[in-house]
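What follows is a pair of complexes built around subunit A, which joins subunit B in one and subunit C in the other.
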Partner chain A sequence: MSSAIDGVGRSAASSAAPKTPLLRVEGLTVAFRKDGREVRPVENLSFQIGHHERLGMVGESGSGKSLTSLAMLGLVDAPGLHVSGALEFDGRTYDLGSEALRRLRGDEISIIFQEPMTALDPVFTVGHQLREAIRRHRSVSRGEGKRLAIEALAGVGIPDPGRRYAEYPHQLSGGMRQRVMIAIAIACEPKLLLADEPTTALDVTTQAQILDLLRELNESRGMAIMLVSHDLGVIADLCDRVVCVYAGEVVEDASLEMALRAPSHPYLEGLLKAMPRVGSRGTQLYAIPGSVPAPGAAPRGCHFASRCSYAEDVCAEPQVLLPSRTGGSVRCVRHGELDLVGVSGDPHRSPAS
Partner chain B sequence: MFRSIVKRLLTVVPTLLLASIVTFGLLKLIPGDPATVIAGDNATPARLAEIRGQLHLDESLPQQYGRWASHAIRGDLGTSLYSTTKIATTIQARLPATLQITLGALLLSVLIGIPLGFIAGWRSDSAIDKAARTISTVGIGIPNFWLGMLLVTVFALKLHWLPAVGFHGITGGLGQTAKYVVLPAIALGAASIAETTRQTRSAVLEVRNKDFVRTLRAIGLPNRTIFKHVAKNIAVPVFTVVGLQASRLLGATVIVEAVFGINGIGSLVVDSVSRRDYPMVQGVVLVMALLILFVNLVVDITYRIVDPRIR
Partner chain C sequence: MTEPKPSATSVVPAVDRSGEILAIDGLKVHYKARQGKHPVRAVDGVSLQIRRGETFGLIGESGSGKSTIGRAVMRLVEPTSGRVHFDGKPISAMSRRQLKQLRRRFQIVFQDPTSALDPRKTIINSLREPLEVQGLATPAALDRVDLLLSRVGLNTSFRDRYPHELSGGQKQRVNIARALVLDPVLLVLDEAVSALDVSVQAEVLNMFAALKVEFGLSVLFIGHDLAVVAHISDRIGVMYLGKLMELGPTDEVLDQPLHPYTAALRSAEPEVVPPSDRVRHRILLTGEIPSPTHPPSGCVFHPRCPYAQEVCSTTVPEWRDVGDDRWVACHFVTSVDGHPHPTWGSPALG
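Moving on, here comes the complex of A and B:
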């Protein structure tokens, strides 16, 4: 075995399935009762994130991405929703349904959301909110807190941070607000940042800037990132590995390169086909037929069967995650026989161009 | 913020002008010859002339208004038609009792309604919330004269804890005053306590589910800090309801004053209206309008202080 092949093997393995993960989610299930029946918008979801890794979680709207990221921090608190499963972080195991996760919040794991306007308190200055986050983590005086806060604002690329410090969220642009949100989220120097559609509410230019900032934070601080988005373009821009979810289940887990070039699951293939491409302006965009089933309404076998053009009788059986040919895993009994088409060219193109 | 407060203060001027014109106009709404209406059908010509002179009915309307307003600014609201006492003096004598029970009721609304509503909203569907909801439904539905009589019967006549009727000026010490104020304030304020509880509860319920509360929890801040954020966010709706209650209470004292034998503004209005003492009614209405204007001003300024988006 030559060292070159060895090297390729190792890098492929580490990108598709990190050996000693920073975080492992095992069997995450979110359930609620509807008309006397238990439905599960997220079911038995398992995945892991490596140290310093940039993981993308992709899936159409309603596939359970937000519930997953909220559940990872014990933030699912809608009445009637029941969370179960386990989370292993840095060698310790937490019960996902318990309040024990609170210890991780704002300490080891942090989160930013889609809507930076509503995610910030409108009646306190951004400085006040940032200082609170800093002082929660470090016991510093008010004055020192202010100094650190202004420094943190500068650190996320906010010009004139001293002035911005005293401003209210409604005085900032959407991109600035998201930067503030990021500053607040990373004030505790977390090992992992969950970003739930952090750029969806922003224009394309701002979107790219925020992604750049996240990449820079990942590289300079070694902070792992889980980017949740319905937009594969955004994920392709930032991430090294992709977890594709459909109807509350992981359907494919692959390195970014493999996910883009050689998808193993028909759903991921569909998402790739639906991506707007450079030079395809004006041509009709592809869309996967149908839509994500409401929780509890998915077909009993392969949840994707009703929308899959490769569906056959075998697909009516419940599907399990299988090792894929590309070094990841896939939830499709037919994946070995299918020759799915990915996208060619540079995956790191700018999103939504 | 400072500039917007000054701006708001300036809007008081036109409002005042309007309020005074409306109040003045009250007298002009009387159909026919005001003097005859006021004095009654079988008044002597001498009495009619006297009233005409007192009201300056021979002058033009603007002249009459100018005269009335220029006196009013100096605190001179004229004289009652039935006595030689100055209207201002009478109001001055009656106002403290009304203000005391109004403020008492308002204080109860704030001290009970806001904390109760906060807890009920934060822990919706808990036992406390259910209790709070029941209490507010009862509080809003209960007629205040009935509650007043119940309170008098139980706490004054049966238990002898508190005096049944009367009023005690603040000069006699806060303790004495409080003794006389408690029961009428509860009777008057029950509905306001209930309304404040309800509105605070729904404000908390709404804010509690906002994204930023999730952010605060996500970054691991303690409940103490989260409460602070919620409190500042519900301040505007809560001040609004408290301001509304203040205006409502001022106008609602009349029945409670009757039940508790208090000589306040409420009873003064009733007496003056039934005696057709129009100048007195005019004076009282003007003073009430000023008070309500003042309350609204305070509420508006507080908005500007707590909510940066209103500045």
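Moving on, here comes the complex of A and C:
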């Protein structure tokens, strides 16, 4: 694998949003009715992904990350959930609530999930599943499909691919299954790979391997990646830009460098301060008071106000995304007056609390 | 902040054996295999001591045997061989009655905050239950339950609620209060914060640290997240495939890992640091953890170790006291300052 050294050759601070995006999500809303009232676990969410970009979407459990990624592929099919909004991909616009979106899937956009076991069919060999994924995309014979499949297994770092080709999903380790899922997902040569918690079920040394594989695919194929995770560490490892979501809304959009060094939104600052790190031993961690509200239970104005230590009367008004001082955007009316603390590389300087 | 590090030559006082609350010696736990003849060598010769008042962290990837050690300490599983001493007394030789008393002194909290609580019991009844089971439900003891509830940050409005009315973090607080009801001296926390969101995790970690001091606890903290385990632990032990690879004071082990596996684990841990500040080298391990039914010969880490030599596949490395309160199992690490690669960051042994 190419890059053994972390963080080298990556552009540092840059303006957050890409100039000509590969994909734009505009006003994504996922809603359902509860007790006669409309509840929106995802509300008016907008963001973009540039060509070749590695975008990370971070937020705690229940913040709406998975619903967002599913909606982008027309995969929200739970009864009662209503999806609206628009998606622009490579210059074409799609209605997020329509069937047309499905054409993008498995062609321009692919997705991988946390648990590859559920996405793989247990009754077929992994080779068969990969070969058929390839043949859906390219008209090749079975023999040629098999050859390409074995090549693809090798390409995602599976040792002894000829033997693995004939094995069933349960015969593979979690890390190996995730590699197979990646091979299937990229068989159609998508322009964007959506990865929802792809390493959460894996051990840390296997996680490092998978993140490295994703980085390599991004670099060698120019395929954009959107990585969804609750773990800022994983995002920091792979991504160039961060979209931070809270209670179904984007609260900050910034380059990775600025998101970590100088967060603009109090929620992101809180997440950074709450993380234990080498050197924090013996200190109190900052704990954001309370917990993520259930959909519909967040305060009416700034959704974060009930947990924010900077909240004032102005925060009772609904918040809009504003340009931030670090070249991105932020949903906080007070961002200009706040002097939030980020993290830096000095292991002995833990974030002030 | 880290404390100033002792220099490599500093004289560390000999370990005070009387200061140990729990001593594990040569512990092996082999589970009978369901099919096939080979047992699962979940724990395969582990020795460690937990000192009075300390938090000892056990870190390792899944399947490395951490939980099994916790279970053996609680005597929820019988050791295949080896001994566990509590307060100088072997727990394997204890009578049923002594064991019942011991169970009071040891408490365990698991990862899943929900499954440990009875969904049909109110919080206060769940907390009183251990006292009732032990026949200790005196008025004074019941008062203590209220005190504990407030100590874990839950006000009296939570007394009559049911588990489903609580968040994950709140349920885990109840589990912790419940573990403290019988006034234990040793707490085993097995992945106790792993299911929590980072902001809630911070709160629970802070609480552990405060309760440990207030109640004079010794803690075995089991986890897979290096940053979390390191944050809370005075000393850590690094497990791989049923064996300890390295053990020592937390800051020293992380600042200067002596075992190649510790170094790899440390470098694989994603760092939340701005890209332009990064200097770290990542050691990418190839392959995956072998099965504990057929652990590799010699050093169990040798098939994945970037520094493996011939001897590593034939001879089991000794569990060696390398000085400065540190222990390492590697043929090439014989003392804290005499090991061949100070950072283990650059390519293999010459």
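What we mean here is this: the second predicted complex is superposed on the first by the 321 of 353 C-alpha atoms of A that agree within 3 Å, B and C clash if a C-alpha of one lies under 4 Å from a C-alpha of the other, contacts with A are read in each partner's own complex, and residues count from 1 in each chain.
FYI, a residue touches a chain if its C-beta (ideal position, glycine included) is under 8 Å from a C-beta of that chain, and two chains touch if they have at least 3 such contacts.
None of the values given here were measured: they were computed from a predicted structure.
In the superposition on chain A, contact is made by A:271 with subunit C only, not with subunit B. Counting the residues of subunit A that each partner touches, subunit B and subunit C differ, and the larger count belongs to C.
In the superposition on chain A, A:61 makes contact with subunit C only, while subunit B stays out of contact range.
Shared-chain residue A:261: touches subunit C; no touch with subunit B. In the superposition on chain A, A:38 makes contact with neither subunit B nor subunit C. In the superposition on chain A, A:185 makes contact with subunit B only, while subunit C stays out of contact range.
Residue contacts after overlaying the shared chain place A:119 against subunit B, while subunit C stays out of touching range.
Of the two partner chains placed by superposition, only subunit B is touched by A:105; subunit C is not.
By the touch criterion defined above, A:90 reaches neither subunit B nor subunit C.
In the three-chain superposition model, subunit A touches subunit B and subunit C at no common residue.
Against subunit B, in their complex, subunit A makes its touches with residues 73, 75, 79, 102, 105-107, 110-111, 113, 115, 118-125, 132-133, 136, 168, 170, 181, 184-185, 187-188.
Per the touch definition, subunit A reaches subunit C in the complex via residues 1, 4-8, 10, 12-13, 60-61, 159, 173, 175-176, 203-209, 211-212, 230-234, 236-237, 256-257, 260-261, 270-272, 274-288, 291-292, 342-346, 348, 350. Chain contact summary for the complex, subunit C toward subunit A: residues 1-3, 61-62, 167, 169, 197-203, 205-206, 209, 224-228, 230-233, 250-251, 254, 264-265, 267-285, 287-289.
Taken together, the subunit B residues at the contact with subunit A in this complex read 125, 210-212, 214-222, 225, 229, 232-233, 235, 306-309.
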